[in-house]
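Shared chain: chain A. Partners: chain B in the first complex, chain C in the second.
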Partner chain A sequence: MKDSFFRSMTWLHTWVGLLMCWLLFLIFFAGTISFFRHEISLWNQPAVHSIENNKVQQSALIDAGLEYLGKTAPDANRWWIGLPSPRQPEVQVSHRHSQPDGQRDKWIDERLDPNTLNQVDGLVDTRGGNFFYRLHFDLHYMDRKLARWLVCLASLFMLIALISGIVIHKRIFKDMFQFRPQKGVRAWLDAHNLSSVLALPFHLMITYTGLVTLIFMLFPDPANTLYEDGVKGFRADFYPERQRTEATEQQLSTPAFNSAFEHFRLNWPEQKIKRVIVDHPSNMSATIKIYGDNGTLIRDEHPYWQYSGTTGELLKTARLDPSSGEVLYGGMIAVHSGRLAHPGLRWLYFICGIAGCIMIASGCIMWAKRIRERLKPEQSPSFGLKLVEALNLGTIMGLPLATAGFFYANRLLPADIADRAEKEILAFFIVWLASAIAAGIRRNKRVWQGFAYLNAITWLLLPICNALTTNGNLMTYIVEGKWILASFDLAFLATAAAFALQGKKLSSKVNAVKVKPAQKRTLNREQKA
Partner chain B sequence: MSQADNALTFQYRLSVLSRFCAAILGGYFFTAYSISLLSLLLPTSKVDAVLYSVCLSILIYSCVFIAVFSVRSLIHIWAALVVSIGAIALLIGYIQGGS
Partner chain C sequence: MIYGLATLLCFGAFYAFAMAKTPHYKSVFGSRPSQKQTQQFKLAAWIIILLSFLVNLTQAIGYGSLMFCGQMALSVLLIALCVTYKPHWLRSLLYVLPITTGALAILIAVL
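Our next item is the complex of A and B:
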């Protein structure tokens, strides 16, 4: 019985792993990058690079934001003031306008320099890190709902592959310190085990909590059971801040914004603010919504205060004292998104995410290598094997190249080109498609090596491209202490080095040691498909 | 390849497909019903009951998934899934009718 359980888990691990591995690689890859979502948005927007870290008090920034919005967008139906953080130096001042005939409301985003309180000029149209963030659960060029269901299924398969992987991995600690390069499939197996086991708690956590972020789409049933109008009713109960306020006929002549903030500062003097939203700012139904900053707390939703814009009185609060259910649910989402992480922890998140990518990539490569090894000399590879090999090459080597393409597009596209943000994304997909086509034509070791070197050169030139197209470069970033921007250049160089190393490795492997028959037999027994 | 081989692989493929269906769909409905029941039984506020149950859902789902692949007999699996889902659904109906 024990043996058959072991064998069924081995089978399960291989197949659930293989069926979804490319989609999973995309999710892990884009998700890992989006741990630096705000940093990428910063990198993609050279106009805000020169902004010094904010030293102005939050209250002065909010006043300046309200004043600016009052002047530029008095007829907006919503104002949004996002306050600077160590990850985002500028003040975000956005306003939303109703559109005629039932079209979706239109947002206009602007930024203020927190130190001078002037509007930042020369912003380019870019999605920044939000592209990768959306890509990792909405995919792209695809119906959002279908994409999310696919991502859920892939994540479930990932979780099953992890659990069955633990079961079949009997000697979990012994293997942890075992790495045998130059031994063909053995080396891939070791790489797979190493990247899985070292970051196993992370992989389990991120997969489980990732499913929890989409849980109300996946399992609306408890909400449907307890609430008459299902998830809608639950949301009304759980998110009181999301209730809409409707505009009235009357115009607001003397807003009471100041007295609202005075009341807030008097009663919660220590509370840092994340953002301020004003609904219908020039209407009698004007509402001020204040969202507290969670800092490094393991919480997802922000503490919330709602004031009347006409009288300045406190209308309601939410989440000042979260319930235990909210602590559990919000905590899971918070550890998934990693918004709570300071730079050190953020890099740990990133490295664990990379380990996840390596785990998935080495798993797919190993599968194809095994099948190919078992082919007899006169047998030609099946279509399935060719497809797996092409997808492996196109995804594993193509995605990093496409990401570099996205960064190049951000720097090289003309600033005033129409739909610039979409064109950056198009560049990403064109590079990826080209890689996939190349992988479809040929995928021997030479092509892998070519891709590795191509990646190395592309990533190596990225800091140079950045230096030529912006006012800064690695040296000035270090001298001026702009560590976020400096880390980008260093990370680009490290990526280039890793790919160069991989390329070199692939050329030396041509005369690598063949796996001995005896070894091969134990190998097959251990991880037999 | 002989005819018998073909038949065998076809039957084998069908059983694999059936097992995946049992794991994915059966596991899904088992989880959906059991967390609905859980949310009814939890003595907390409505919001908390919903949040606790959905947070546990993935744990239940993956356990069922693994169980489906570790039991040999397909008939046992389907029977167990249908009976347990039916029983939970009845229990939910009973609780909701009673309250």
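Our next item is the complex of A and C:
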């Protein structure tokens, strides 16, 4: 019985893992990069690189933002003021305008330098880190709902694979530090085990909380029984700030924005503000929405205050004193998104995410290697094996290359080109598609090696491309203490080094492939045992 | 700085966990460990890892536990890489690691 239980778990782990592994790799990869979402947005916008860290008080910044928006966009239907943080040095001032004939409202994004309160010139149209953030659960080109269901299914598979993996591993503590790179397929198993075990708490946490982020789509029944219009009603109750206020016919002549902020500062003097939104700023239905900053607290939704823009009185608050359910739910999402993390923890998150990518990649490579090893010399590989190998190569080596392509497109596309943000994303997908086609044609060790060196060269040239197209480079970043930008260049170089090392390893294996028969025998014995 | 101390402690704990395993001990020190040594390493590892967790928790319970998970991942990664590729680096750490950790702890206490 024990033997058959162990075998059925192995079967489950293998097939559940294989079926979704490429989608999971994409989700893990995009998610890992999204830990640096705001940093990527900063890197992608060279015009804000020169902004010094903010020393001005928040209240002065809000006043300046309101004044600026009042001058430039009095007829907008929404103002958005995002206050600077250590990850984002500039003040975000965006305004949204209604479009004729039922088209989607149009956002215009502008930035202010918090130290001079002047508008920042030379912004380029880019999605920045938000692209990877959305790719993580919306998969970009796909219908949003379908994509989220797919991501849910993939996470569920991941959770099953993780748990069955723990069951079949058995030697978690015994083999914790074991990695034997000379031992053929055994080395891949070691890499798979090592990358899973070293970040096991992270993997379990991120997969489980990932499912929780979409829980109301997966499990709408409680909301459906409690609210008349189901999940929609629940959301309206839980997120009062997302309720739309309709504009009235009357224009607002004397806005009471100042008295609203005075009331707020008097009653919550210590509260840091994350962002301020004003709906219908020049209308009698004007509403001011203030979102508090959570800092490093483990909670995701911001405390919220809603003021009337006409009278300046407090209309609504939310989550000032969250219930235990809110604390649990918000806590899980906060832990998943890692928005609370300071740079130290952020890098640890990133390392764990990379470990997850390696875990998935080594798993799918191992599957293909095992099948190939069992082939007799005269046997030709099946279509399934070829497909798995092509998807492995195209995904594992193609995605990093495509990411580099995205960064290059950001620096090299002309600033005034139409739909620039979309074209950056197009560059990402074109590079990925090209890699996939190359992988479809040929997938031997040479091609893997070629991809490794191509990746190495591409990532190596990225800091140089950055230095040539912007005003800064690694040296000036270090001298001026711009650590976020400096770590980008260093991370690019480290990625290049890792790929170069991979290329070198692959070339040594091409020569050493003949020495293996003895090892193969022991492997076969291990598999039979 | 306190998180730095916790990271060093965590690394030390996994160092001791690795040295409590005969093959890793052999690759680092070249000889087989006595049973007593193995037990001492294991005991030290458990005490130090508990200490590291507590140091993290003194900062913040939620944030500290997240830091602790990350520190464990980093420590296991570094130890595994060292044991595989540069085992002799780990030999001197037996003395360097307690000294640096102690020095940092004293520095924090003084400041």
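Here, the second predicted complex is superposed on the first by the 510 of 529 C-alpha atoms of A that agree within 3 Å, B and C clash if a C-alpha of one lies under 4 Å from a C-alpha of the other, contacts with A are read in each partner's own complex, and residues count from 1 in each chain.
Please note the rule applied: a residue touches a chain if its C-beta (ideal position, glycine included) is under 8 Å from a C-beta of that chain, and two chains touch if they have at least 3 such contacts.
Please read these numbers as outputs of a predicted model, since none were measured by experiment.
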item: More chain A residues in contact [chain B versus chain C]; value: B
item: Touching partner for A:223 - first (chain B), second (chain C), both, neither; value: first
item: Partner chain(s) touched by A:453 [first = chain B, second = chain C, both, neither]; value: neither
item: Which superposed partner A:351 touches (first chain B, second chain C, both, neither); value: second
item: Contacts of A:429 with chain B and chain C, given as first, second, both or neither; value: neither
item: First (chain B), second (chain C), both or neither touched by A:238; value: first
item: Chain A residues within the chain C interface of the complex; value: 174, 176-181, 194, 197-199, 201-202, 205, 296-298, 331, 335, 340-341, 344-345, 348-349, 351-352, 355
item: Chain B residues touching chain A - in the complex, by the definition given at the top; value: 24, 31-33, 35-36, 38-40, 44-55, 57-59, 61-62, 65-66, 69-70, 72, 92, 96
item: Footprint of chain B on chain A - complex, ascending; value: 4-5, 8-9, 11-12, 153, 156, 159-160, 163-164, 208, 211-212, 215-216, 218-219, 221-227, 234, 237-238, 323-326, 328-329, 332
item: List of chain C residues in touch with chain A within their complex; value: 3, 14, 17-18, 21, 24, 60, 62-63, 66-67, 69-74, 76-77, 79-81, 83-84
